[in-house]
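Beneath this line is the structure, given in structure tokens, with notes to follow.
When the chains are written out, they are named A, B, C and D in that same order, and each has its own residue count from 1.
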Amino acid sequence: MSAIAKLARQPWIFAFVAAVAVWLATAAFTHGQGAGGVLSVAFTFATFFVIVAIGQMFVVTLGPGNVDLSIPATMTLAGTVSMKIMDGANWMILPGYLIAVAVGLVVGLFNVALIRLLRIPPIIATLSSSFVIQSAAIWYNRGLRVKPPTLLADFTTAKIFGLPVLAIIVILIAAVMHVVLTRTVYGRTVIAIGQNARAARLAGLDVGRVRLATYVMCAVFAASCGYVLAGFSGGAALNMGQEYLLSSIAVVVIGGTSVAGGFANVPGLWGAALFLFLLVTMLNTFGLGAGVRLVLTGLIIITVIVIAGGSRANAR
Amino acid sequence: MTGPAFARLLRGALPALSLALLLGAIFYLQPRTMSYFGLNLLLNLAVPIALATVAQMLILTVNDLDLSIGSYVSLTACIAATWLRDTPLLGLLALGGGVLAYGALGALIHLRNLPSIVVTLGMSFVWLGLAILVLPTPGGKAPDIVRALMTWKPPYVPFPIIACVVIAALAHVALMRSPYGAVLRGAGGNPRAVARAGWSLLRVKVTMYMAAGFVGALAGIALVGLTTSADANIALRYTLLSIAGAILGGSEFVGGRVSPIGAVIGAITLTLAASFLSFLRLNPDFQIGAQGAILILVLALRALIGRAEKDR
Amino acid sequence: MQEVDSGPAPALAPAAVSLAGVEKRFGAVTALAGVSLAVPKGACVGLVGHNGAGKSTLMNVLAGTLAPDTGSVAITGRDVTAGYAIATARENGVRCIFQEGSLCPNLTVAENARIEHPSLTGFSWRTDAGRLIRQKLDEIFPGHGIRPGAMVADLSIARRQMVEIARAFTVTASPVDVVILDEPTSSLDQTIAEQLLAHIRRFVEAGGSAIFISHLLGEVLEISDRVVVMRDGKVVAERPARDFDRDGLVAAMGSVAAAASAAPAASRRTAAPRVDIDAGRGSTVRLTAHTGEIVGLAGLAGHGQTDALLTVFDGGGAGDRVEGAVAFIAGDRQTDGAFPLWSIAENLGISSLGALRRGRLISTAAEDALAARWRERIGIRTPDVWNPLLSLSGGNQQKVLFARALASDADIILMDDPMRGVDVGTKQEVYKILREEADKGRTFLWYTTEMDELLICDHVYVFRDRMIVADLARADLTEEAVIQASFRHDA
Amino acid sequence: DTADKRIALSNNYAGNSWRQAMLQSWDKVTSAAVQDGAVAAADAFTTAENQVTEQAAQIQNLILQGYDAIVINAASPEGLNGAVQEACDAGLTVVSFDGIVTADCAWRIAVDFKKMGKDEVTYLAEKLPDGGNLLEIRGLAGVFVDDEISAGIHEGVSENPQFKIVGSVHGDWAQDVAQKAVAGILPSLPEVVGVVTQGGDGYGAAQAFKAAGRDMPIIVMGNRQDELAWWKEQKDANGYETMSVSIAPGVSTLAFWVAQQILDGADVPKDLTVPFLRIDQDNLEENLETTQKGGVANVEYALDDAKKVIAEAKGD
């Protein structure tokens, strides 16, 4: 009994409950047809959201105003550069990935430089840098689609027992990041900064380094996502990351992380990513017009947050 | 004058400074802009952005963020171009409904202690969906009186300048100089203190959200007056623009530190930044990147005074 | 020990305010266990008790910001319990200066005054509010130097406190009959505190009532007509002030008055100093501190002591020397110390994360053990160290910050007037711990506005206008010397 | 004589391969034209975000820069009318193409998007006389082109009642979004015999069908090289048959020449139409060959082509 009560108090539980509810509604509409298939697909696509949302979550946890809006552009650039350099060669898969990571590192450092050295608020710094990054991607390959190496394409679409291999890997990564958040000096410092940056500095924590590491990590996650997504969908496109701009924030917040910073959780990212995917799928399945569909999307998101919100201590 | 107060003064003057700099650069690049006609063309689209930015700033005042303002402005533009023209009463009712809905959002966010970002993110879908329902394909037509106002050519001073000054002045008086304005800002700085002084925080939130809804609706109407017809996606960009403009103008995300005049200046600066680039006639490859670079450049001015401020 | 005697009733008229049988529980914690309190007209009631005794909770009930579980409130004899809230309290002339600041930092001093007065409207409200608050400041704190147009965020914590006090005494539409002052002097230096006490005296003599909470028992005895002692959510003693002396009060609170700790025998200033910095523009004297020393930074509040500490914290500038790890104990805990979303244990362990690791990961068990050890050692009143920090009373939160620094491996500990709001018993405990730690080789730099605390130090530097103006070795250290140096001679 | 005339291209989006091809064609053709002295300048301007308001401001700036003509690919057929009117009032010639504007004073080089949608269904009716279920992939909700094509498709379906649209998703003209939306709805759909698209979503749809292990329906393609390459692969392997249709990015060059002709004093009707570029089973190979790897099938126009188009329009 108390275990259930304890579970109900977890900030991430609502995202999962909402995901299941939406899935059941879809299954009810189709009389169960394809319910299993939908779930498997949901895991496939939620994976990409979770990858970027992990990074975004750490950034958001740094406190009010911290958010990375350069994620879509970073995905595009990393995908474009790595695909072009690999040029479909299977032996280049690993070097290609390292190149994507390098792109992430550079973007992250650039963002931090804007935020730290030029003292630009993160939301605008990352917005500005996203233009620069997008421009770099355009300049680099002019939107030409280069096919990923076949092995990479196979790997990103492979399944074991109906569960995508990529999803399994990202579940493991999420587990590791959960430990990083809650049990390492780095994670604690992130949370402390989010609650009170000045107090964190005076408590002897290395605020500057941790901020830097967080933005860089976020960009590296985004770059990794760009790499696997390009592999998954048959090449990088200039507009490939655009829907991740708001979704990454939505996943983080619906997952139970406080937008005001200083309070985060990883499991909720999976719940929220599944929820958002299943929600769109449900409304597509219902076959409603675009207008009604958008209105319902919004209302359902708000409903979930209203139900969850009352029991969450810290809201912005 | 003591250190922090001086830094604050400097920071207060910064938005105006960057605007002047940018305007100077534009005049230099394209002397044609230095005319009544030129200023009119250069600035008229800043008017709806300025309104949207003021709306965003009102929300920022109470430590919230509105991610739906862009789609809300789109919706009100669609309503203005359809119902407001064809059946003015229905149009006004619909716009009034929007304002009330904003008030209800404020109440919901306050009573349930919700993160405004998610609620307004959800609302952005709702507004956009409604806009598509109101105007499934682009079209409609601006009400004549709105069109007439937005294309009005008063003597000597171009209309956009008058409009921006009036917007800034009204917002400034309402928020910074009115007795209740102090309470509204105080609720952003230390809500508990305001509640302990006997004010209703609920009323504060609802007031602020309704005001934002009202100003946002004005933005939609002004926009449609300029574009003559509407489109469900017409102003989605205003969400980020309004945040950027408000911050550029010296407002902060938390703590009730806002500046209405700064917000209007920030909005104009953003509009001019894009114009400046087109006057530079860059290689198309770098045009998008240059938009980022110019934003960075304008904001980097902060670094100059940043040293004077503590890491708070 | 229950010695609630009534004493001679000061007046037959009904009390200005009275509380009866008030109980308040927060989860497992009973903050108030049936408290009754009456404040007569024209009198000042002193309220003392250890940290977490329930003083602030009781005052929150009286101010209408917290609804009690049971109990009644009466104002001038009328029962107003039903629907009692902030508005009722204010209409009836009850004002409260809360322990944690209640100013809006983003507003000016005048605008903050306006927040308190709904009736300040009309065209000239800004001037009116400015005049109102300036007059009151002039009246209470002559020479305060605060402009009504100044942004509160720019004011030092002492000046903020002054504004808040003055604001509570301003009158517009509703009267001011009862003023609650919850540790108003904790951030003020002695001179300013004296001005406040004098004002309270005048206010009371003019027929007002005041409730005065402080851990500086001397102040309480000086200002109060009656003193109420609370312990563990109950009133344990209530008598006219003249019937108490300091030791009696301490005893009633349940603490043992320790003798002031003996000064170390010999000066430790032989080896090279551990800290040696230039403490401010134009100081001719350098600030130095040696291994095992407790060095005091004195002077009036806001004269650059905090900045000197921050200079040390940041490792000093060119030509400065700071050797060893540094920890900082905040006095302004809301801005400089607390992590509000965290538990006590997490707050306490944050500066010792390295030591709490087992392998690469932080061990929750080690964290728990550390918190439990310090809860014992410094006496943090909580049933569970995993409770939120904010569930603690103000003084107990301060103890957590103390424990945070002392538990860390720092060699140099910087203290920014950290005893604000700490009760006498605990203070004695802390002094003892400081001395022990110093003897083990730690160095303390201690900014304090309390003379008692300076007397514990091995060496004291007096600050004025952001410079060191006096360098007092243990032998030269007297109250007169410090006060002499603190004031400009032409003033 | 237009040797001293200056023409500007106002473009609202550069974030996909089609737009990149459009800009490249423009650059190629106009720089030759400038070299030959046909016009004095032909500069291209792109907004950072695909937004009506930004493009309106851009047009106003182009007026201030003293261009003689503006060639527009518009973000909205109606939303730019205010700015276009300003341009006309200032004496500029305005020619719109692809994304056309409705202002009376402007010229339009339109593709009959409605017919394009209808042709897709007509083609399917030929190939699948028995009809069956169709899946529709739409573009971005609320955008004119999306509505037109979709209206054409629905018109086609009502004329061929053997077809039924069982699912409709919005792919936002982004390959990753389309793939996700299709994958989500697919499990709950009955057998699908055909997929009608708006261009560029075909490859993503094919991937989704493959991943779901469903029979490959006839997917109408949108002239992207990766689509054509996939089609070719399937054609060689199992004789897969389909068609591909889209507007050629090189229409920008036609618009350029039309603007030049108008400046030259030619009498040009306000409404011109260009055929869309259609690829069929028999000319697949030759088109695939001429299409840049990862790019879009394209046609560029010369002055004579423009004259011909104008003459035809006058003939009607």
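Heads up, the rule we're going with is that contacts are C-beta pairs under 8 Å (C-beta built on N, C-alpha and C of every residue); 3 or more make two chains touch, one makes a residue touch a chain.
Labels paired with UniProt names: A, B = ABC transporter permease; C = Sugar ABC transporter ATP-binding protein.
Here the structure is a predicted model, which is why all the values come from computation and not from measurement.
J.: Count of steps on the shortest touching-chain route from subunit B (ABC transporter permease) to subunit C?
T.: 1
J.: Report back the single chain whose CA centre is most distant from the CA centre of subunit C.
T.: Using the mean of the C-alpha atoms as each chain's centre, the farthest one from subunit C is D.
J.: With respect to inter-chain C-beta contacts, which pair, A-D or A-B, contains the greater number?
T.: So, comparing the two chain pairs, more contacts are at A-B.
J.: Averaged over CA atoms, how far is the centre of subunit C from the centre of subunit D? Could you give it in whole Å?
T.: From the centre of subunit C to the centre of subunit D is 71 Å.
J.: Averaged over CA atoms, how far is the centre of subunit A (ABC transporter permease) from the centre of subunit D? Could you give it in whole Å?
T.: About 32 Å separates the centre of subunit A (ABC transporter permease) from that of subunit D.
J.: So how far apart, in whole Å, are subunit A (ABC transporter permease) and subunit B (ABC transporter permease) when each is placed at the average of its C-alpha atoms?
T.: Distance between chain centres, rounded to whole Å: 29 Å.
J.: Using the average of all C-alpha atoms in each chain as its centre, how far is it in Å between subunit B (ABC transporter permease) and subunit D?
T.: Measuring from centre to centre gives 34 Å for this pair.
J.: By the touch rule stated above, which residues of subunit D touch at least two different other chains?
T.: 14, 48, 141-142
J.: Note the residues in subunit B (ABC transporter permease) that touch 2 or more other chains, in rising order.
T.: Each of 128, 131-132, 136, 287-288, 291-292, 312 in subunit B (ABC transporter permease) touches at least two other chains.
J.: Among the residues of subunit A (ABC transporter permease), which ones contact at least 2 other chains?
T.: Correct list: 131, 134, 138, 198, 258, 290-291, 294.
J.: For each chain, which other chains does it touch, given as pairs?
T.: A-B, A-C, A-D, B-C, B-D
J.: For a test of understanding, state which residues of subunit B (ABC transporter permease) touch subunit C in their complex under the given definition.
T.: For subunit B (ABC transporter permease) paired with subunit C, touching residues are 2, 4-5, 8, 177, 179, 182-183, 185-186, 188-190, 192-199, 255-257, 312.
J.: Which stretch or stretches of subunit D touch subunit B (ABC transporter permease) in the complex?
T.: Contact set of subunit D toward subunit B (ABC transporter permease): 11, 14, 23, 27, 43-49, 51-54, 56-58, 60-66, 76-83, 85-86, 140-144, 147.
J.: Under the definition above, what is the set of subunit D residues touching subunit A (ABC transporter permease) in their complex?
T.: 14-21, 24, 48, 138, 141-142, 167-170, 172-177, 179-181, 183-189, 203-204, 207, 211-212, 224-226, 292-295
J.: Note which residues of subunit C are touching subunit B (ABC transporter permease) in the complex, please.
T.: Within the complex, subunit C contacts subunit B (ABC transporter permease) at residues 63, 65, 86-87, 90, 96, 98, 101-107, 111-112, 114-116, 118, 120-122, 125-126, 150-151, 153-154, 335.
J.: Touching residues of subunit C toward subunit A (ABC transporter permease) in the complex: what are they?
T.: Subunit C residues touching subunit A (ABC transporter permease): 313, 325-328, 330, 335-342, 346, 350-351, 353-354, 357, 360-362, 404, 408, 410.
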